[in-house]
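Below are the structure tokens for one structure; questions will follow.
The first chain written gets the first letter, and so on, giving A, B and C; residue counts start at 1 in each chain.
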Amino acid sequence: MPEPFRVILFIIFVMAFAGLNAAYLVWCERKGAAHVQRRIGPKEVGPYGLLQPIADGIKLMTKQLFLPKGADPILFMVAPLMVMVPAIMSFCVIPFSETFVAREINIGLLLIFAFASVNVLGLLLGAWGSANKYAVIAAARTVSQNVAYEIPMLITVITMVMVTNTMNLNEIVRSQAGWFFHWHIFRLDISLLMPVSFLIFFVCSLAETNRAPFDMAEAESELIAGVYTEYPGMGFGVFFMGEYANIVIGAALAVILFLGGWQSPIPFNPAGFLGVFWGLFWFLLKLYTLIFTVIWIRWTYPRTQFYELLNLSWKVLIPISLFNLILTALQIKIFPWL
Amino acid sequence: MLLAKIKEALSSLYEDIQETQEVPDAAAAAAVEAEVAAEEAAADAETAGADAAPAEDAQAEESEEPKAPPGPKETDYKAKGYHLDVELPPEKIPEAAEILTRENFFIESITGVDWIDEQQLEVVYDFNHFDELCRVVIRSRTDRNNPEIPTISHIYQGANWHERETHDFFGIKFIGHPDLSPLLLPEDADFHPLLKDFKA
Amino acid sequence: MNGLLQQDVNQETFTLNLGPQHPATHGVLRVKLVMDGEYIVEAEPVLGYIHRMHEKMGENRTWVKFLPNCGRMDYLCALSYNHGYVGAVERAAGIEVPERAEYLRVITVELNRISSHLLWFGAFVLDLGGFTPLLYAFDDREFILDLLESVTGSRLTYCYFRFGGVYNDIDDAFIAGTREFIKRQRKRMPMYDALVTKNIILIKRLKEIGHISKDMAKRYGATGPVARGSGINFDVRKTEPYSVYSEFDFDVPVYEEGDSMARYMVRMDEIEQSMRIIEQALDKLPEGEIKPKKAVKLVKPEKGDYYHAVEAARGSFGVRLVSDGTNTAYRLKLRSPTFSNLSLYGEVSRGMLLPDALALMGSLDLVIPEIDR
């Protein structure tokens, strides 16, 4: 396939994926929440309520895009895009399968983190632009939360880069080939604290994507709807899609870095076209298992207090991840043959 | 036990009243004079006779029927639901509150009653005790056309809202209250719905 | 945190209007907050958005006609309000109540108390960001509502008590259903314990947050679980046993800490105590009439004033009525517990962070129509 054609095809795929993913993650979230809470959840629109997200989407799209009084029109409108677009961009480097990736570039990991940082800027500008006190409080929380959690997350990622020696996501996955105990999370021989690294990464990605119990940006019982308070219709919808896309990226990174990406747990990889789907299947399975865990946590725990959240990051996660970094570095230096 | 103790403590409030005036419900206008009189009487009991004049004025204005001798009255709890009924002149209310707070009573509520026939407004304070069952009712009457009574919100902070509510409903001014703006009524309300002559 | 209290108030602060439509105020309460960042410099609750002047209504309708109003103040524990009002009028008019009727009153009030506490539990955890316990609690509460519907005829704003008795007798299905409910609820409580009470996030959000001292409870007249969470052993059912409460063996949960966690624990323990009362009442339930042989048609209490207090789910609910000997009240004062409980909010929340202040507000268990009356 010619390269430009392939990239265009993939961009279409990614955009469709981001949109559908957000829509159907909402459905999963609602169904999941319902079953956690001994309810039925959406069931009226389509079988098992499967068409509910479509109906919701149409509703959001047909709503008036209302600009609140005193809002900054440009920031207000641009902010949702600043959450959505970087998320879609990040999909370009994620290897869904060995060959199923838009662009396999050597700094894929770096690119994702570069784009992920734009997300919080979008939230901040959106809150500022909507001229709402609740939104600004939420934005202030979000920024300090993101700053706090980016540090342990990046330290953990540096640890992983030291282990794998590459920032190419596909390379990272390839280095975990073979049985499932070759996945990084089980490789205690490279770094003794590998499961802890995974845990830190997972917790940080929860915080980075503003998911419960760290959903300070929304905090619906405290700050109405946080950053999104003033957003109507699709303004909110785009934010929402961006949020869910970010969850997928967070979970995808966790899968790629620690859970073997598209590798199957047994060393069996069919060649050719079938292999693409084989990898895709395992990748999505792991991805959605993680996302299900995220949903599960959301509907089980209450929200943390803000200072607890910062305490956790600065007093617990950062020291542990630093210690982990040093330990891993020593391990690599002392046992270079592993 | 507690009942006897608090009864005795509250009786002390009547000592000077009995000498200076016989009617507890002095008009608010006479309140200041009466308080001065009470202080002087406390300082020098022998000159009490000379200070009886303002109290007599109050008596002439307000009271026509003969009343039972003032003092805390024990009531039948089973029938009434409270133990001690204390009727005091408005200016004695803060003192009574001081005594009650010393004995660790807590404030249940403050409310008013409009006695339109007698042209008086009554303020009723309900106190209760956490450790021992002892409900004390303190009541005080003030002139209906110029209802004023000293606040106890500096002694019982909880009284703040109760007094505001009573001001909302009856228009009773609590002297010294920090903020008598309407609490339950709309913020621009200038009517007092629980007055008997209130027409919606 | 308290160091912030001493800061200069004149520095840059802003005013935040929390409510009257805000998810955490559970109704139309508005709190005017002066904030310094996320710290509260000053909080002033603004009431009256659902003020209906029940007290004036009481002066304008006969004693009997006021009965339905009782259920519309504290709509979550309506039967306690019924109980307080009929108790006051019965005391004033000297109406005797058959023993079976008093037992029925106790059983239904305690069921209502459990349902109120369950709803509070769900809503409180919802304030803290946990959604699931709300629906679990509603699930349990539904059993109570069904039971009470079968005997009282309504599900929320009950008007079940009459002067001198109750409106309807219970049947075997109700007794069996209640026992079934208690059995089920006893199994559910450990689950709540594991899911919510022992949750580290919840503990961290409630421990040492919103401290109310004994002295403060006294000064503001806080009662009910708020007072009992501050180490005050005060429960009208024990200190001033009305109805037939003196015949039951139950404990008054008291926690010394005075923080939000203590108030939480008090209410959770009270659910068990209420179930104990119901069980004993069902065991001892005497046979007999449920209303006086000669129906009380005209209520004319003697001239004078009367006070009657009951323990509602949120604290001591008092009715002070002044009668002039006619068939309407001369003055009807309704002392609602949360009015007093909320009045200490301004003092306690000073210097707190916004989410903590909302946790405190939740722990006070506010029902706004009851505050505004």
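Rule of thumb we're sticking to: a residue touches a chain if its C-beta (ideal position, glycine included) is under 8 Å from a C-beta of that chain, and two chains touch if they have at least 3 such contacts.
A quick note: this is a predicted structure, and the numbers were derived from the prediction, not measured.
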Task = Could you draw the chains as nodes, link the ones that touch, and say if you get a line, ring, star, complete or other?
result = line
Key: Central chain of the complex, centres being mean CA coordinates   = C
Ask   = In terms of C-beta pairs in contact, which two chains are most connected?
value = B-C
Query = Just curious, how far off is chain C from chain A if you go by their C-alpha centres, in Å?
reply = 44
Key: Separation of mean Cα positions, chain C and chain B [Å, integer]   = 30
Query = For chain A and chain B, what's the span in angstrom between their mean Cα positions?
reply = 67
Shared-contact residues (touching 2 or more other chains) in chain A = none
Query = How about chain B: which of its residues touch chain C in the complex?
reply = 79-82, 101, 104-109, 111, 113-114, 124, 126, 128, 130-133, 135, 137, 156-158, 160-162, 165, 169, 182-186, 193-194
Note = Seen from chain C, its contact residues with chain A in the complex are 14, 16, 22-24, 37-38, 125-132, 135-136, 139, 195-196, 199, 201-202, 204-205, 353-356, 358
Note = chain C contacts chain B in the complex at 47-48, 51, 53, 55-56, 59, 88, 91, 94, 217-223, 227, 232-234, 239-240, 304-309, 316, 318, 320, 322, 330-331, 333, 335, 339-340, 343-344, 347, 372-373
Request  = Would you pull the chain A residues touching chain C in the complex into a rising list?
outcome  = 33, 36-39, 133-134, 137, 140-141, 212-213, 215, 219-224, 299-308
